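Below you'll find the structures, each written out as structure tokens.
What follows is chain A paired twice: with chain B in the first complex and chain C in the second.
Now for the complex of A and B:
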């Protein structure tokens, strides 16, 4: 079920009413309702894969309990590896089987040996990378003694399948989300209104910005041979806004929806395109995944504590694995590699924690230096997005070749005035709200109530006017 | 209040939708019809009801053709035709255009009705083809952002207009250079399609069912529209026995068949496959005169 669909517009109020008006006094029933609703939400797409989620849930639930009862470290380790192997095994099969097979075949045929084996026609279960990482965090945290296992299966099932964030995050830690299922939730009007406000902004990002930029990004990337370097450059910028609007829009809707049910999810985006260096960008982009890799991969590998070689090795590992997490394609690996290349000089020069504060926190505009750094970081990021978006590595290089040719000086042939205007409006609103959790959280609070509601209506009208064909969220495929 | 405001805006904008909005909308808003032109985009763009009506001295011919994706012959199109037709009609005229694509499928099993690609498209999903305004179509199947309903109205250089009689007028540059770009890209895409298109007995069965159904309401005329030589060669390669097959259907149902592909060089095409509007006038006139002669000698 898509957030931007009629199905969800009907589903959400039904669940909301049942949750607050029918099962209000019973936590167990509320949790059961969340679990059942989440399975319906997921099954709407393909009910066959519900068995996968259920299987992962049962395995991790049992392993969690077993881990807490086991005192032998070696046996604990075995249990942990069982959980990791099963979870990553599913992920590996559904997401990476064909990639490895095809690459093995290519490698063998390069040396003159042909392997006769066919790729499988595998459908990738939506959101598998997200819920796999979420359940992994549960068993790892129990193993580390950071979390006590739950004995309440319903709560655990609801935690694993929690519908607002099931298919595209934020990837929640058990330490944050699971305890919320144990506590009685109280309906708070202000929290619900805030949730709705965040949903509104998420829908704007997705429907108005992402989907409309997608139309032009797709047109340019899909027919890249027909366009000049300048138009391809515009296409890359459209894609940068498409992916940001799409993914952060999803996160906003997920967080806002959770608030309607009395849950607080972690923040996933913090205005990443206003970052002044690549380290800041990675603190602000897909925060739940970056911190997941930091806590469960980078730090266990030694993090930045070792010598220079270890820093270099770990940085490359984390970024390349992150690229690979996005998909089984060399383009994602190169995207990860490029980001490691960007990040490394900042890390080695110990300048990775230079920009911790929000840019221009005490002023309305950035300084010239800050502005230059923002533009540079955005340009580097967009350069890497070209690999992320391209069909294959050759396609990405062809695009780059054209961008870095004389045709970059030609007047772009695709310049949709309306979409550019909307994107500028979007950037301005994001800039004005950059100090808050999301752009319109407190925007207009100092003006009259009518002006603020007028603004919300304006946003809602834009969402309606620019709503085209229902488009799936990009991150569903990951 | 918030939802009421939004609903009012939505209704206001939906009420403004017309032939500028997209290439199909007014086909879903016009009333029940007594005479129809059927087929795919070649008929939608090439055949002009106003010209045909002029020659035949009537006013009821309406173009109800869409695209090869939406209206190849099959259960979906036939059901839509049944909804569109005024069942009180006795002397209607039905120009049923056909080519190998409109009776072919793209799946391994071209006869599996469940896999027909129009099954999830607007003729299948929109319940009414005669509601004005058609909110169901606009909500469910309008494929542009709704702002286009407003902006396309003001777009005087718009290249696409759907007339109230169903003719989809396409105004694009016919300069040799522009034509070549379109032609090249169309040939490329059709060559790809050729690899997957297969003649479908099931679709053909529905083509015949359509003829049989329409015969109860008037006279049926089968027409194969002209296309440029490369496209004709591609069409023929989909099903080599196509003309013989149509000729036999024509005799079986006792309906006349006009094959216009032999005069393909006489006409101008926007992309090699679709008639340009000036040639559309010529072709429409020829078809109307052919019908006129048939009616008089009947």
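Now for the complex of A and C:
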């Protein structure tokens, strides 16, 4: 079920009413309702996916309990590895089986040996990478002694499948989300209104910005041979806004929806395109994944405690694994590698924690230096997005070859005025709200209620009038 | 909770009012000056003329229905030479859901002796939005059309629907800006002169939508219920479907099916307007080929 669909517009109020009016006084029933609703939400794509998530839930629930009862470290390790192997095994099979098989076949045929094995027609379960990482964090945290296992299966099932963030995050930590299922939730007006406001902004980002930019990005990338370097460059910028609007829009809707049910999810995006260097960008982009990798991979690998070589090695590992997490394609690996390369100079110069504050916190506009740094970081990121979006590595290089040719000086043939205008409006609103959790969180709070309502109505009307052709969320495929 | 629900309701009401008033007042400006998702003025199809001509018809032998493949492929002047009185109710991107609406609107009045149902496989895969927009811009508004528009679940259709209301209120007509190389011929045919250079498209995989299959089968039942014989026809285009056998099997099961992609071979450089439409020369060949089939079918059915 897509957030930007009629199905969800019907589903959400039904669950909301049942949750607050029918099961209001019973935490167990509320959790059961969340679990059942989440399974309906997920099964809406394909009911066969449900068996996978249910199996994963049962395994991790049992391993969690077994881990807490076990005192032998070696046996604990075995249990942890069983959980990791099963979860990553599923992920590996569904997501990477064909990739490895095809690459092995290519490698063998390069040396003159042919392997007769056909790729399997595997349907990738929606959001498998997200919930796999979420359940992994549960067993790892129990193993590390940071979390006590739950003995309430319904709560655990609701935690794993919590529908607002099930298919595209934020990837929640059990330490943050699971305890919220034990506490009695009380309806709070301000929290619910805030949730609705964030949903509205998320829908705007997805439907108006991402879906409209997608139309042009797809047109340009899918027919890249027909366009000049300048148009391809515009296409890359459209994709940069598409992926940001799409993914951060989803996160906003997810966080906003959770707030309607009394839950607080972690922040996933913090205005990444206003970053002044690549390190800041990665502190602001897909925060739940970056911090997951930091806590469960980078630090166990030694983090930055070793020498320079270890820091560099670990940084490259993190970025390449992150690229691979996105999909079984060499383009994602190169995207990860490129970001590691970008990161390297700031890491070596120990400038990776320079820009921790919000840009231009005490002023309305950035300084010239800040502006230059923002543009440069955006340009580098967009350059890497070309690999992320391209069909294959050759396609990406062909696009780059054209961008870095004389045809870059030609007037772009695709310049949709209205979409550019809407994107500029979007950037301005994001800039004005950059100090808050999301752009319109407190925007206009100093003005009258009528002005604020007018602004929200304007946003809602834009959603109705400028909805792009409905596209599935990009991150569902990951 | 009460104030939350009350405020939410109030907000929704205000949004809906703003949205309605906004479109009624500036919908046209938004449509012309921006790329807002509001009804566009049709650039092909001549639907309005076609519908007004349909209302004048008194006696009819053959009725053609379907997508643009229908109104661009069968020349009534050639069919007249075979003593067939024909009319083409094909409309741009007409899917089976819209065919259903058109059949319900016109079948009783036209009372044809034979129906040629053009079945371009793509129309089974379409959401029908484009076709609904075409009908909204060219057909009189009635309850069935309003119902069909709402059923699309598409914001563009909703926006256009509201905008159309402003047309009705102010008595404005939709402008139709048709290309100069196209000409409407009485009988519902659109003649295209010349050949356009076009890029070939890749072969496709046929993946029909369930609602289109349902509508198609409902249409056939509707025709059968009136005891009108029909044939299913595919006009030529320049690509193929990877699961062609599946299409053939499905359509052969549903009636007497003629696939003119197989039955005639047309040079892509001479007989096509674009990658999936015939030009007038192509249409002339196809019409000449199909005419004896229609005559024979009419004779067989004792008319």
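Just a few scattered comments:
Simple rule for what comes next: the second predicted complex is superposed on the first by the 476 of 478 C-alpha atoms of A that agree within 3 Å, B and C clash if a C-alpha of one lies under 4 Å from a C-alpha of the other, contacts with A are read in each partner's own complex, and residues count from 1 in each chain.
Criterion: a residue touches a chain if its C-beta (ideal position, glycine included) is under 8 Å from a C-beta of that chain, and two chains touch if they have at least 3 such contacts.
On a predicted model such as this, the values are computed, not experimentally measured, just so you know.
Clashing of chain B with chain C is the outcome of superposition onto chain A.
After overlaying the two complexes on the shared chain, residue contacts for A:416 are found with chain C alone; chain B is out of touch. Looking at the shared chain after the overlay, A:299 reaches neither chain B nor chain C.
In the superposed model, A:22 lies in contact with neither chain B nor chain C. By the touch criterion stated above, A:375 is placed in contact with neither chain B nor chain C. Comparing chain C and chain B on the residues of chain A they touch gives the larger count to C.
Of the two partner chains, neither chain B nor chain C is touched by A:451.
Once the two complexes are overlaid on the shared chain, A:187 sits against chain C while remaining clear of chain B.
When both complexes are overlaid on chain A, the residue A:460 reaches chain B and chain C alike. In the superposition on chain A, the residues of chain A contacted by chain B and by chain C overlap at 418, 453, 456-457, 460-461, 464-467.
Remark: chain B residues 2, 5-6, 9-10, 13, 143-147, 150-151 touch chain A in the complex.
Contact residues on chain A toward chain C in their complex (touch as defined above): 6, 20, 187, 189, 192-193, 196, 416-419, 453, 456-458, 460-461, 464-467. Residues of chain A touching chain B in their complex: 212, 418, 453, 456-457, 460-461, 464-469. Contact residues on chain C toward chain A in their complex (touch as defined above): 1, 3-4, 7-8, 11, 14-15, 18-19, 22-23, 30, 34-38, 153, 155-156, 158-159.
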